[in-house]
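Here chain A shows up in two complexes: once beside chain B, once beside chain C.
Let's look at the complex of A and B:
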């Protein structure tokens, strides 16, 4: 490894410096560390990272991942949804901010840290080992960031929804990136770390049993104002006939780097109903990989995002139709202002066996400023001959006739623009199947639009 | 003092002069009809007064309530009491009718330093006014003008006017695309708003609307100028003889 490379990649250093952990996934960690070392921090030369550059990460110094005391309260950016809350602060379970004592019937929640401590890795009280639930890279290829999570993961959630469970109360997973560098209270040991980023590696493993129905809302938020880097991985399996509603909001602070890889396997007749609302972070990349493994499985991966300033917002999707009569829907809408950039990479693979596949990809962007940019790359790769697949991408500015109509009714330009942007986004929120989450996301979007600067192009 | 005083107004669209010296004075309480053939500049006049981008006044002046109208942004004009009922009302997918009107009314109140309206009180007033125009509550919840018929859109324009209570309303071809029943409903809505403190400029191609909204003054617009002014009898004469005389004269 050359010195130059070491300087550009703080994670290589961290891997070299880390203490060997003899926990349940020690061999997995080693393989993950190797996978990361082989690939390194992705650069734009890698096709899948062509539009999103992580080199800003390399410039950040990283504080050693010290235990962060959980805050007393969560920030207002968390989705305001009535739910059973489970909170990770910098990748570690915060029991005080989690409703572990009022889990709905049919829902089993385990702390990953507890399971990791069961050193043999073969079994824990539920009879299932962590190594069976976690993988090196969650099935992603060329996925150094997912591998990095596996190398460093300390805690997270293992959630099981029992076969046939109809869970009414939604679960709300809160992922908080906290870095209180601006408010250092004489912590002498960590003083030279002031201004460096706090890295966290949150992990979720979720099994939704046969014919079970559940709603899991996620809020990814920040607190403290210091730079953070959250590198999350979610591995989600839907058994036959299961239904998972999964509205996810990324509303991190302006100095946050947010990378999250979600891997889904969806069995026969199961339906994944996901939505990703991205409102925050300096750079956010959310990657979803969905495998439709059984006939009539459905993946709905919809979303909306908003960029201003110099933010980069990336949604990268891969749907693998590996069984007949499977359905995928990917509709994303983005609003970009300032010199922000939106990335939409979506690839749909239809294998020869996947006859009668119904797959649609659509990306629509509103570009509010000359400096804003969108890179949309919808892709279909079809090896079956009896399919209905489509893709499309559009981009443009606000409609001038609509803007004039609002102003002709007395609404000032800034407010009129905000209304039209909200209207553009709002119908995409209708794809969120859970009313409480839909309403909460709508409020978060409106609040974010009100804070948006330079909305008057 | 006249509410609206237009003097020698010239206006261009895409570098082409459409208005070539309009003079018009409208006093509070009056209803003026502006009639003219297609291409005479009727819509250009309404858009220039409302402040639409691309409709550029190049000469002359427009004084509204003693203020320079052309110097104001479109939303300021609206807050000052100018209302344009659109010939083709714009569809606003994703913007609910009630939210739209509440935002508009509150923008106006804020402009005048008044407190914003209580949401409950607003909805109650809105429903009453909508009912009078034969608009069901359900229509108020729907996105503005989306999927509305021509008649429903014009009723919606009239509702907005009733809520915003303008001092000067410009009705741009409000009769276009309306059947006789819708025309009656819309006209009734307009007539209810007639008031000594309020003026209307009714722009139309046909005399028919003026049977229901009876004007005090009628002007003939041709090739960017007002070529004749008279009473409501002038409209009847136009209906009988057409615009040919005026087009030739201009």
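Let's look at the complex of A and C:
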């Protein structure tokens, strides 16, 4: 508590200064504000944040929230997928960049702002719905960053997939962090806090109905070059037998801070097939919490990340096996160059009832430079005996024999290294179940690898 | 372990003559009141006739201990400890049973299975009137000890109690005490630094290979080693020593809190092998009683090409909190950790290791086997850290857990931190239960269920058991079977 107070914390100040909102979730906001005040901005003394330091974020000067006009076009970094697009700019819906008029059958999309404001003191069915679907911290314990989102959230999406709907066309959710108060040309402005930062609190609430199948692609990108902070929360529920394919790409600008908490509840026989590709941001932490509530539910949370410069890339996962015969798979691969740091924390909890659980974790990291660092904490907490659980973690440089093989065939060292790195990473993308997204992610990764200095000549 | 009836009788008589009288008065005189404060720390130091620097060191530790919070990150539930309700010096023996007839028959049964001679059983069970310098006498080792002492002295090896070493080798003690585990390390180590009463000291001179396994079991100066034991082992350049700690037989002990500190220092080309079998009283089936075993063990591979190897078989104690670690400072140094931990009934164990790679080409290997049964909870907690200068460091970690029954827990919490691209780290862990196929195979061949489980578990642990010195390995195997009794069927 005292820690939280003594440390510089722009969000405590912002909470004090904020105007009270009398919208549908006012009481929820109060509780969330309280939760954040109690905990404060996490420091490395908090076990869950042991490896990721938000000190830089605390030093950013935030501009008072102003509505940014939506840009005319999206940046190139957005994943190139054929899909129905829904865009949030700094956490607010951008109708001009969203295909709200051509939603596939079985898909209902509402703006969170509409739902929240419809209430405005009067009692309204939609408003009730919103407060029931949002929670203070999305079920995370000790989660000040999720609570901060709840305290400040203005807009976002409420998406419902009808029972039994087989949605062919994927939805593509674009989360754009825009700030052109910085210099328009520079993009290595990681520590350049000349322009004031823009904070946004995007939110997604997604219900996938019984036996429904859907693919939802996400792109988290930036524009403008100024420092940004996106603190997002996604609450996703999969009903019985539902299948959600959920490839997520984080490709924010170099001056961006990106924190996103995704909470999943997965009912009997449902399958979550998620992939997280992290390519950008100065500091990015994506946290996934999956609760397997029904028998035979499955959570696949795979991913890949790439760090260079002084980036910090954090993937923190928690899978709660709360029913028998549930399955979880977590495979992550990372490449770290420069003085970047990769963090992988995964915890698998198997409750006494969850007999016949099958849970596997794997993390592989390639360290390319002397200053790079990887921190892994693959954790198992098991209370049932008839289970097959394992985890593995490796860290090392490129295989010298493989490098020698390529060089012996006349391939220059830099090219050979690039080939091996690409092979290491691309392999993991095969876990993406949707072909269009897989291709788009592959391209984004290749483009990013090509930009990495020192690897490719 | 084999003692003839004759020996036993002899020893029995010897014991009576020697210890019946005078024993209690001795204790009376040396006893300090319950509780701990600065005065007690000073008195302990004074009684040991310690030099000023050591007294000061103890006092500094004590001052810090008062401020230090209890560690709370471990996954065990520790009931609050009343530090003022403990004797810190020469705790008088609680009223023990008058004869073996009064001892819990279950414990006797265990002794029998381990093949422990009757007289030793009395000692272990704390029967009144049983010889105090237990193991020495029972093992007929009065002569043995003397022989050993002579051999060791010839080689220049120092093996004595730490209090004696403070007097005889103050320069070594001053140089190394607290250099691996500073008193500020953690609350339990800090308390130990303030109030430690005894423990072992070993110094192996350069180039000497210690000709025998050193052991607290045979310790020449086997005084009452209290609950705050302090061990310091220094292997000078090019030397080798293997040290055994503990005992396979279950020991009754009235004191609940054991906070020991073990420091190992290996200089250039030296090797230390430290093996522990820990079987303190684990409490009864309902978790009543039992020892809290809070141990800080750490070895520093200071020299080039040095090696420290920890092997532990942990079956006892109600709560185990223990992380034997290696600091790999010297280039090409090697750290090893082999562990078998068995928890049954309501035992809790949070144990593991730390491997800190500092020097170039340092290598470490961690093999941990955890077996959890009954309502027990067990955690492997490990850290592998590679610092930027540790070029070519290498680690291999394997931690496997076996669950027996649906009411126990097994957890794995590894931290893997690498800051050097040339370091290669591998970590793997599995959790499973005894396969029904294996069990069926044994049962169909007429092996009883409990024996079959013991057999399978021994197979599961064999990588670790192989690293134990011979005399320990045989007993430890039996111990595994006994520890798991009542966990099946």
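Here is the rule we go by: the second predicted complex is superposed on the first by the 423 of 457 C-alpha atoms of A that agree within 3 Å, B and C clash if a C-alpha of one lies under 4 Å from a C-alpha of the other, contacts with A are read in each partner's own complex, and residues count from 1 in each chain.
Here is the rule we use: contacts are C-beta pairs under 8 Å (C-beta built on N, C-alpha and C of every residue); 3 or more make two chains touch, one makes a residue touch a chain.
Note that the structure is a prediction, hence the values are computed from the model and not measured.
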### Query
Putting chain B and chain C on the same copy of chain A, do they fit or clash?
fit
### Task
Determine, under the contact definition given at the top, whether A:39 touches first (chain B), second (chain C), both, or neither.
neither
### Query
Which partner does A:58 reach: the first (chain B), the second (chain C), both, or neither?
neither
### Query
With the two structures laid over each other on chain A, which partner does A:109 touch: chain B (first), chain C (second), both, or neither?
neither
### Task
Figure out whether A:412 sits in contact with chain B (first) or chain C (second), or with both, or with neither.
first
### Summary
In degrees, rounded to a multiple of 10, the angle chain B-chain A-chain C between CA centres equals 80
### Task
Have a look and say if chain B or chain C is in touch with more residues of chain A.
C
### Task
Identify the partner contact of A:446: answer first if only chain B is touched, second if only chain C is, both if each is, neither if none is.
neither
### Query
Touching A:355, do we find chain B (first), chain C (second), both, or neither?
second
### Task
Have a look at where A:162 lands relative to chain B and chain C in the superposition and call it first, second, both or neither.
neither
### Query
On the overlay, how many Å separate the closest CA atoms of chain B and chain C?
16
#### Entry: Residues of chain B defined as touching chain A within the complex
50-53, 73-75, 77-79, 83-84, 86, 89-95, 100, 103-105, 107-108, 111, 143, 160, 164
#### Entry: Touching residues (chain side chain A, partner chain C) in the complex
47, 51, 352, 355, 365, 367-397
### Message
Help me check something: in the complex, which residues belonging to chain A touch chain B?
### Response
400-402, 404-413, 415-416, 419-420, 422-427
## Note on the structure
chain C contacts chain A in the complex at 73, 388, 401, 403-433
